[in-house]
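The two complexes that follow have chain A in common; it is paired with chain B in the first and with chain C in the second.
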Partner chain A sequence: MAMTATAEGMRRKRAFVGARGGSFGYLLPALVLVVIFFIVPVLMLLMRSVLEPEPGLQNYKALLGSTTYLRIFLNTFLVAGVVTIISIVIGYPVAWLLAIMPEKWSRLVLAIIILSMWTNLLTRTYAWMVLLQRTGVINKTLMGLGLIDQPLPLVNNLVGVTIGMTYIMLPFVILPLMGVIRAIDPAILRAAALCGATSMQCFTRVLLPLSLPGIAAGALMVFVMSLGYFVTPALLGGTSNMMLAELVAQFVQSLVNWGMGGAAAFVLLVVTLTLYAVQLRYFNPNKAR
Partner chain B sequence: MLLDFDKLGVLRGFLVGLTMLVCLFLILPIVFIAALSFGSSQWLIFPPPSWTFKWYEELFADSRWFYSALTSLKIAAIVTVFSVIIGFLAALGLNRGRFLGRDILRALFLTPMILPVVVLAVALYAVFLRLGLAGTTFAFVIAHLLIALPFSIISIGNALEGFDRSIEDAAILCGANPWEARLRVTVPAISHGIFGAAVFSFLASWDEVVLAIFMASPTLQTLPVKIWSTLRQDLTPVIAAASTLLIAFTILLMVLAALFRKGKKS
Partner chain C sequence: MKNKIAIALFSAALGFAGAAHAEDMVFTSWGGTTQDAQKASWAEGFTAETKINVTQDGPTDYGKIKAMVEAGNVNWDVVDVEGDYAVQAGKLGLLEKLDFSIIDKSKLDPRFVTDYSVGSFYYSFVIGCNKDAVKQCPKSWADVFDVKKFPGKRAFYKWSAPGVIEAALLADGVAADKLYPLDLDRAFKKLDTIKSDIIWWDSGAQSQQLLASAEAPFGSFWNGRLTALAATGVTVETSWTNNITAADSLVVPKGTKNKDAAMKFIAHATSDQAQASFATATGYAPINLDANVLMDGELRQTLPDMQAETQVNADMDYWAEHRDEIGTRWYAWQAQ
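Take a look at the complex of A and B:
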């Protein structure tokens, strides 16, 4: 009885504090920061895309009407798509093994994945610039094995970008997928095997469908991250193979054309937020449906 | 039996082989850079003709590297402090508050993490140019705080989810005022979340390149900006030396995090 009374008192006190805006007050510093230095600047940038050099949609017309820029859009989607597919195809078996292998081994593999993930982004990109160059280890090894006569052009093109980006994205696929596969009840597969399913059938009709939501969520995340990547494409892609994020930076930094820069940023923003909304709506792991 | 390691059959060889290849793919570039930083070849030829410390000497002889590392450290430290404090308050508000639009607010706070960072960089650059703040420490801290804050909110928010609030209530009923209870009961109980928030906030700022490129000025550069501008000119092994030190630093952080987790368990 006394307990109920104090609990009741507590609740009232909380309601009182809540009414004074107590818990909302905690959010104020973050809210002020995000509104002043995130929402307002992004909106201002978008305004410039329709106001500069004069009001109208000419920036968007120029951006979507020229083959030069369309090529950049195409490059961006192509690289993001290929990186996503390779990451999933390679990452899925690794995540699968990680989910079921003895802990002492999985710890070692996880340590390697986390080391590569936590290593400075520029360090990793620099490593690939060195490895992939004409006189780099990869070309030398391939020539030493007699597989090629001429060094392959592996850098300053989209091949280099794809390799470098796949390297960066793999951990983002493996880690969540490992969790998804770990959550699958092995009894379901045992049941399938008992009922006479072959290994192939177990995989295509039980394991794969059960991990599909995780695969879709991971793929979408990698795709969205790849679309907006700046550093790796800029360093491994060279000047003639630009991607969308570089275009935004180039308009602003080298060309000082804020109208076009804003327009390109807006296109990138819309694509990203749309895909993010799809992710939240259909693949949200927090919302069990 | 596809989910039993001991009964995988032929498939086990395939999965183990592929995983080993992926591990090599992930670790070899890091090992190569560390090895080449001690190699004598200016053109980063592997295996190097001989071994040397000259790239490290060159690195330490150029004070710009040292000052850019110091700038990085200073900015990351300030960002970490603000990110943890503001993130703690925001996570508390999101966790405790019962008001309309809470989910929208949470999504809003996390958006800077999802957004292509180049969009944020360009937008902030425009504003700071107009305010005359481009190239200042303030601009750097604000920019990095925006991308560090989501990590704090997630990490501390998760810890708060697992914390039984009645313990805090008990402290208040025993006579503590609400803030005393929060600081002396809640904060110690969610210390792992706060530690995670601090590590991720620090790394978010320390490693950040894109915002930094736009916020930097000739006199104020973080380490990533220094690496970036050097890389745009040539692939000098001095960068390999700097990178190797950064890798050592990463490993140190990982060991610290592992020790912390172990300490938490026992």
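Take a look at the complex of A and C:
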């Protein structure tokens, strides 16, 4: 049984490598699409950031020289970082459970998680607003139980953004993690236990290191997506913890200052790509496997 | 059999040609109850009269207008924009000149007519209050800025636009006729005193949600949204003291392929009948001076143009000129 599975795996691997080495042509349609509809517009935006209102780097100077805008940059990283950490902490046990559950149950739980991803983002965010506001269900219940006498400020601030975004990002942590944990041979854990490892040691010395590629993949995905998030911070956050995407929207839509908007978007792009490069270099999940 | 197919094909081709001939145009506005009323009061009658189909789009986005005009690919034929933007965009060459041989401007409120725009409707920022949620409602802008007498959160319009700066200055004691040029330093200093108690609303629907749920039991609102909210059974108190008026405008982005239809649409939308019907539905004031007589007398009394006593007219020309400067400062202040 194990033998056939391995042989099958080898065959698949050969077929995959063959396709990769064989023809670059398969890539072409997707590549053309990306170049025309993504790379070219991004370059045009970049051009605007150094050409409008006049040629030069004044937009970047204004952006990076202002404490207000720097605060927005810092806040963007803060929110993305906090959301990433909380998503991993909450998502890891779920992914673990999904990986070891009987298939019938894990399918059901997975379906629930994915179903929430298919619901409209705006609807989900408004739902959080209704739950979290001062007169919302959560505050009313807590006050009714006598646990608090003043409503907790759960929305229009960092707390609201973090709750709303973590909820949206969770599936992006759970799915890659589940895949990685499932691929870990349970025999290794049994072996560790047989050799006298406590269950805590089994987790910290065996399971955790082996699932690190999944954590890295999930964390990067969440962090990068969070950096450019717009709807949720706009609705659940306050103006004093604005994120970069909101700043870009203000420049582009309201102030119609595309030079500054382009500069802000480009800084975000550069930071994101840098992080991606770092991740590929140090935590490449494909290399680790 | 072959004949039948040929006939079917032929008639299908004819049908196609016929469909292509009927004119289409796109009207873009801000969505929500306001655009619903624009559709019902303006677009439907216009289509019945002219056979020109009007597709609704939205929300209005100044970035998109600029992109369309620059790319020479204009998909929006008539757009509802804020008055100060209309003045600025006209100067920047983003708009078509309106054809006043089709649009009769003699009956339109001259305050809102430029070469490139006419008024769409006009509204007031008023003090709205959810009576069931507070002991007493603020009556003046000074009250709204007084956190001791009126504790709790208050709602204000998030975007940089005429309204909040004026309210801050009025609250700080500036006389209504001495508002312009705006003393921004003074306004922001006053706004600083209530900053942590402000909840910003970025759409009319959100403002209604905040007030109805008492998340922010009072604040500055578009008067029409309060009328709509009161109609749903919420006990809303409106104070018209120093209500600050501003108008939306109708404009045509430069390079539209349906210029003729666009001009006809504006002519229809600003007609006395269409304006009266829209005002009745929304609680915003008509910009056609003949619309008054067509409206119910009692309802008439609740519209912004009947509240002229302590009314403050936001200076659209001043705003058009300083829009970028105020906006940059506004958003930087918000983010601090």
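One rule holds for everything that comes next: the second predicted complex is superposed on the first by the 236 of 289 C-alpha atoms of A that agree within 3 Å, B and C clash if a C-alpha of one lies under 4 Å from a C-alpha of the other, contacts with A are read in each partner's own complex, and residues count from 1 in each chain.
Rule of thumb we're sticking to: a contact is a pair of C-beta atoms (placed from the backbone, for glycine too) under 8 Å apart; a residue touches a chain by one contact, two chains touch by 3 or more.
Computed from a predicted structure; not experimentally measured.
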Chain C versus chain B on the shared chain A, clash or fit after superposition: clash
Considering only touches as defined above, state whether A:150 meets chain B (first), chain C (second), both or neither. neither
Touched partner set for A:167, first chain B, second chain C, both or neither: first
Once chain A of both complexes is superposed, is A:71 in touch with chain B (first), chain C (second), both, or neither? second
Applying the touch criterion given at the start, work out whether A:227 contacts chain B, chain C, both or neither, answering first, second, both or neither. first
Touching A:29, do we find chain B (first), chain C (second), both, or neither? first
Answer with first, second, both or neither: which of chain B and chain C does A:252 touch in the superposed model? both
On the superposed three-chain arrangement, identify whether chain B or chain C touches more chain A residues. B
Looking at the overlay, what does A:135 touch: chain B (first), chain C (second), both, or neither? both
Just one of 202-210, 274-282 or 328-336 in chain C hits chain B in the overlay; which is it? 202-210
Would you mind listing the overlap between the chain B footprint and the chain C footprint on chain A? 129-130, 133, 135-136, 252-253, 258, 261
Going by the contact rule set out above, which residues of chain C touch chain A in the complex? 61-64, 66, 153, 158-160, 199-200, 202, 209, 213-215, 324, 327-328, 331-332, 334-336
Taking the touch rule as given, give the residues of chain A at its contact with chain B in the complex, in rising order. 6, 10, 17-18, 23-27, 29-31, 33-34, 37-38, 40-42, 44-45, 48, 90-91, 93-94, 96-102, 109, 111-116, 118-124, 126-131, 133, 135-137, 140, 167, 170-171, 181, 184, 186, 189-190, 193, 199, 202-203, 206-207, 224, 227-231, 235, 245, 248-249, 252-253, 258, 261-262, 265, 268-269, 272-273, 276, 280
The answer for chain B against chain A in the complex is residues 1-5, 8-9, 11, 14-16, 18-19, 22-23, 25-27, 29-30, 32-33, 36, 43-46, 85-87, 89-90, 92-94, 96-99, 105, 107-109, 111-112, 114-127, 142-143, 145-146, 149, 153, 169, 172-173, 178, 203, 207, 209-210, 213-214, 224, 227-228, 231-232, 235, 239-240, 243, 246-247, 250-251, 253-254
Touching residues of chain A toward chain C in the complex: what are they? 66, 68-69, 71-72, 129-130, 133-136, 156, 234, 238-240, 242, 247, 250, 252-258, 261
